[in-house]
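Labels run A, B, C and D following the written order; every chain starts at residue 1.
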Amino acid sequence: MADLEQALAEVAAEMAARGDRGEVASYIPQLGRVDAGKFGIAAATNDGRVLVAGDAGEAFSIQSISKVFTLTLALGEKGDALWKRVGREPSGNPFNSIVQLEHENGIPRNPFINAGAIVISDVLLAGHQPRETIGEILRFVQFLADDETITIDSAVAASERATGYRNFALANYMKSFGNLHHAPEMALGVYFHHCAIAMSCRQLALAGRFLANGGRQPSTGHSVISAERARRISALMLTCGHYDGSGDFAFRVGIPGKSGVGGGILAIVPGVASLAVWSPGLNANGNSKLGSIALEKLAKMMNWSVFAP
Amino acid sequence: MADLEQALAEVAAEMAARGDRGEVASYIPQLGRVDAGKFGIAAATNDGRVLVAGDAGEAFSIQSISKVFTLTLALGEKGDALWKRVGREPSGNPFNSIVQLEHENGIPRNPFINAGAIVISDVLLAGHQPRETIGEILRFVQFLADDETITIDSAVAASERATGYRNFALANYMKSFGNLHHAPEMALGVYFHHCAIAMSCRQLALAGRFLANGGRQPSTGHSVISAERARRISALMLTCGHYDGSGDFAFRVGIPGKSGVGGGILAIVPGVASLAVWSPGLNANGNSKLGSIALEKLAKMMNWSVFAP
Amino acid sequence: MADLEQALAEVAAEMAARGDRGEVASYIPQLGRVDAGKFGIAAATNDGRVLVAGDAGEAFSIQSISKVFTLTLALGEKGDALWKRVGREPSGNPFNSIVQLEHENGIPRNPFINAGAIVISDVLLAGHQPRETIGEILRFVQFLADDETITIDSAVAASERATGYRNFALANYMKSFGNLHHAPEMALGVYFHHCAIAMSCRQLALAGRFLANGGRQPSTGHSVISAERARRISALMLTCGHYDGSGDFAFRVGIPGKSGVGGGILAIVPGVASLAVWSPGLNANGNSKLGSIALEKLAKMMNWSVFAP
Amino acid sequence: MADLEQALAEVAAEMAARGDRGEVASYIPQLGRVDAGKFGIAAATNDGRVLVAGDAGEAFSIQSISKVFTLTLALGEKGDALWKRVGREPSGNPFNSIVQLEHENGIPRNPFINAGAIVISDVLLAGHQPRETIGEILRFVQFLADDETITIDSAVAASERATGYRNFALANYMKSFGNLHHAPEMALGVYFHHCAIAMSCRQLALAGRFLANGGRQPSTGHSVISAERARRISALMLTCGHYDGSGDFAFRVGIPGKSGVGGGILAIVPGVASLAVWSPGLNANGNSKLGSIALEKLAKMMNWSVFAP
C-alpha cells in the first residue's frame, strides 16, 4: 500500500495535467464561471491527520453533498419514521426526474435525489422558520468540520431560487400528494440555502470524519450518531450517492461517496478516512469527472474498497 | 462479537419459529409446492470452516443466484467488453420490467435483472451449443463448491420454458435491438437451465467463497478471478443484487447479496465468509422474506458490515 | 329522426331519475358542494333555436371547457406558430400527467390537457397583464354567447390557486424547459381564472355555435374564425377533448366534445347544433358520467354522428 | 367543390412530381426494394363509381390497413365482449411500444397498434387452425373488394416472421398477462399473414366501401355490419388509425383513415366514398408521407371533412 500523502500528491499532479475535464455546470452564473482547471483533494484520517493536495483550500459550492448532512440531522430528529416519506432505493433516473414521483405517489426514491432532499428540508422545518432551519444546518456542518468560518453563498442560493423551476416543479408535485408539510417555497428556501454552502476540500473531509469513524468525531470522541446509523448513511451513499451513476461509482471506486454539481465528492473509507475531492467539470451523469477518476486511482493505490477482504 | 456457530443456530431457531413467512413463488408448480416452513443457513469461512443450521443440507432451486456465477464466467470470457451490452446501474424497476429496455435501446441496466442475465447467457453461447454452455456453467458451479453432485433440475427448467412468456418477451425485445447474437430461444435455453440449478445452503456457501476471499478458493489457494474483479462483482451484488429492494438490503444488512425467487440468498462478508440462507417465502420485491431478516440479524450479531470501521 | 325538443326532454327525464351519478369533484370546496342531483342540457341549433331541459339555466364552473375558447383566441393571435409550443396528439395519459412532459422536453401533447392549456394562457399573456388577458377571455366568451352577464367565479379561481400544486408543478416544469415565456404564477393566474368562468348550459350551447356553423355566429353571420379552423378545433375536441377517455367518447357518442371537471360538456354537431350538458358527477377519467351518457343517447335518437353517411 | 376525377388526377400529378418522399420501410427486403417513386390513388364512391389515378392498379403490401378488416371480423364474432381484451384509446406511444402494456396489465390501448391487432388475431383463432383463420380473413377482404384475385404475399409473411422480434416480444408479453388464449406463435402466424395481404389502391378502395356506406356494400346493398358499428370503426380509425400521428391526421385531413407501413392509407368519407392512396415513403410516425399530404389536398379540394357543417 502506498503512502497516503504521496498518493494524494501523485493523483493531484496527474489530474492537474489532464485535458478532457468535463463540462462545468452553467445553469447559474455563479457555478458557470468557476475555473475548470481547478483540482483539489483532501483526506482526514481516523488517526487525526489531515492531508491535502492541489486546490484543497479553496471553497466551492458543495451543492448536493450537503444532503448527507441534512439527512443526518433529519434522522436525528425523526428516526426511522423518516422512511415513510422518502425511500431508500436507487432511482434508476436522472437526479431531477419527476416521472418516478408520478408512478410512486409523490414518495421520492431516496434522500439524495433532489425530490428526496426537498422532503428532508421540509422535515427539518418542523416547528421552525426557514431562517432557523438554515442556521441549524450551517451550524451542524461547522461543528462537524470544527470550523466556524464556513458560510452559505447567498448569491448562489438566490440564483438557484431564481432559476430553479425544475425544483419548484418537484416540490409542488410532492405537495400535491401531501408529501410536503410546509409551503413548497419554504422547503425550497431551506433546500437552496443548504446546497449553497461553500467549503474547501479540507473542510469537507473534516466534516465527513464521523462517517468513517463509526459515528464519532475522531478528534474529540464525541458521538454524532450511532455506529449503526453511520453505516446506514454510508450504505445510502454507496447505492444512491451518484444519481444514475451510483452503480458505476460503486463498481469502479468501491467506497461510499456523495457528489455535488459543483464538482465536489465526499467519500468515506470506513475505519480509515474521510476524503473530499473537487474538480468542477462534470460527466454525463452530473458527477465530477476528474473527481471520480481521482478517487478510483487513489482507492486503487491505497487498496481501499469496502469489498476488499 | 458473537460466536458464529452459535449465532447461526440462534438465527435458525428464531426463523423456524416465526409466523409470517411471505409468499412462496407459485408461477411454476415445482416452486409452488416447496414447504414454506423450511429454513436453512450456512457459512463457509475464509479460514476453512463450514457451519450450518436448520435445513442447510436440503437442495433448493437457486434461480437468480446463478446469475453471480454466469456473470463471473462471462467476465472471464469477454472482460470489460461485456459492459457494452449490459449496464452496471440499479434498475429502479421490478426484476422483469421491460419499460427500461424501451427507453434505453435494449441494453439492460445490470446483469442481475432477468434481461441482463439473458444477455449474459447469450454471451456464454458464443461458439457453443446451448447444451455445452449449460454444461460449462454447471461444471463451474461444481468446481466452486467442490461438489460434483450438484445438478440441474430439468423439470424446473422445462416448466420455466413452458410458462416463461415474460422472459421470451424480454429476449425477443432485446433481439429486436440487436442485443442478442443468438436466437432468443437459445439464450433462454441456457438461462432457464442455469436458473434451475439445485443447491443446498451448504453447497451455495461453498460456491461463494472465492468472492469473500479476494477471488481465490480458500481451500486450495487457486485463483478463480482477480481480486479486483471479485470486489467489483461484490459491488454489483450490493447495488443490484436484490432487484428493486437492493437499496433496502444494503441499508439494513450492509453486505453484498444476491437473491433468487426460490427463496435463497448468497451473501458475502469480504475477508471473512460466504453465507447462504434459504427460506422459500418472498417479500413484495421478490426476495426471501425471512432470508433477508436472518442475514440482517446475523450481520448485527457478528458486527458484519462493509460499512463498519 | 326524433324531434329535438322532445329528445332533450326525454334524456333529461331519464338522467334525472338515474341512481349512480359518479363522484363530484371535491378538490376544492366550491366544486365539492355542488348538488350531484343536478342535470341540465341545451341545444343551440344553426337555424337559430335554443332548446333546453332540466337545470339548463343554472350556472356551473365550466373549468376545462374554457380551453376551447382560449385555444380559439390563441390561434387567432399566433396562427400555426402556436403548434411549436403545444402538440396535437391525444396524450394517452391522465389530464394532469407530468410524465409525458419529461419525455417530450416540456412540450405538452395537446391544448386540452392542463399543461397545454397553461401554455395557451402564457401565449395569451404576450404584451398584457394577467388582468387584461383574463378580461379579454371573458369578453370573448360573452361575445360568443351574446350574453354580458357571464362572469368569473373568483372564489373558485382563488381556491384553485390555493390548492393547485399539481398545476404549479406543471407550469414550473414547462418553464424549466423554456416553454413558458412569463412567470409560472402569471400564466397560472390566467389559467385559474378562465377555468373559473361560470355558465349555464344555455349560455354554453350559445357560445359553441360558431364551431357548429363553419366558424360563423349563426345569429349575425359574423365570422369568428375561418371554416377550416373551426373544423380543426372540432378535430382536436374529438381526439383530445375527454382526456384519456377521448377515444371512448368518439366511439360511443361520435361527435366532438370537450369536458370539464365541473361536470359540463360542450359538444358540436357540425352543420346542426351546439350542445351543452351538465351533470356534476364524474367517471373514472374525470368526465361527466351522466353527461356523456346523455349525449350518447341524444346522438343515437337524433342519428347524429360525424361518422354517419 | 371540384370534380373528383379531375381532383384525383391533379393530386396524383402533383405527388408524382414531388422530391422529398420520405423513407421506404426497410426492415424486411420485400418492403425495402419497393420503388419510392410510386404513387397511386383511388376512390370508390357510394354511387358506384371507381376513379383512379397514378399507380392505382399496382398491388402493395397493405400491412396495418388489414387491421380494419380483422377488427370488423372480430367484432362480428365477439361483439362488445371484445373490448375486455383491447382498449379504444389513442396510445400516445409509437406503434410498437411495449411500455403501455407493462403499465396497463397487458391490455393494448386499441386494436390498431401492433399489440392490439395481435390480440384480434388471437380472438379470430378461436376454434380454428391458423391456416383456417388466415383463409377466412383473406376471403373476407376478397368479398369486400369483390375480387378473388387478392392474395397474401407469403414471402412478406415469412420475412416478417423471421425478423419480427418486437412483435414476438409483444405477443409473449401479453401472453404473460393471460391476454392471449393461444400460443404466441399461432396468433403471430395469423397476424403476419394478414399484414402481408397485397392489394392495389383500386382494390383497397373497393374493400372499404362498406364503411363509407353505413355498413352496406353499395353495389349489392348487402349489409356487412350494422350502421352503428360502421360509425364506431370509423371513429377508431380517426382517433387511432395513424399511431402517434392520429391527432395530426384528424387535424389536417379531417376524415377517418388507417395507414400501413407499406405506404398505403385507407380513408373514409362517410356517405360519399372510400379512398385508398399509396406512396411507399414514410414520415417520422411511420405513416405514408405523400399519402397523407395527398389526402389533405384532396379533402380540401373536395371540401371533405367529418367536421364540416
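What we mean here is this: a residue touches a chain if its C-beta (ideal position, glycine included) is under 8 Å from a C-beta of that chain, and two chains touch if they have at least 3 such contacts.
Just so it is clear, the model here is predicted, and its values are computed rather than measured.
Chains making contact with chain A as well as with chain B: none in this assembly.
Relative to the C-alpha centre of chain D, the farthest chain centre belongs to A. Centroids of chain A and chain D (each the mean of its C-alpha atoms) stand 55 Å apart. As a whole-number value, the distance joining the C-alpha centres of chain A and chain C reads 47 Å.
Centre-to-centre spacing of chain C and chain D amounts to 32 Å, using the average Cα coordinate of each chain.
Among all residues of chain A, none touch two or more other chains.
All chain pairs that count as touching, in label order, are A-B, A-C, B-D, C-D. If you check the complex, the residues on chain D that touch chain B are 97-99, 101-103, 165-166, 168-173, 175-176, 184.
Across the complex, chain D meets chain C through its residues 46, 87-93, 100, 109-110, 212-214, 227, 230-232, 234-236, 238-240, 244-248, 250-252, 254, 256, 268, 270-272, 305-309.
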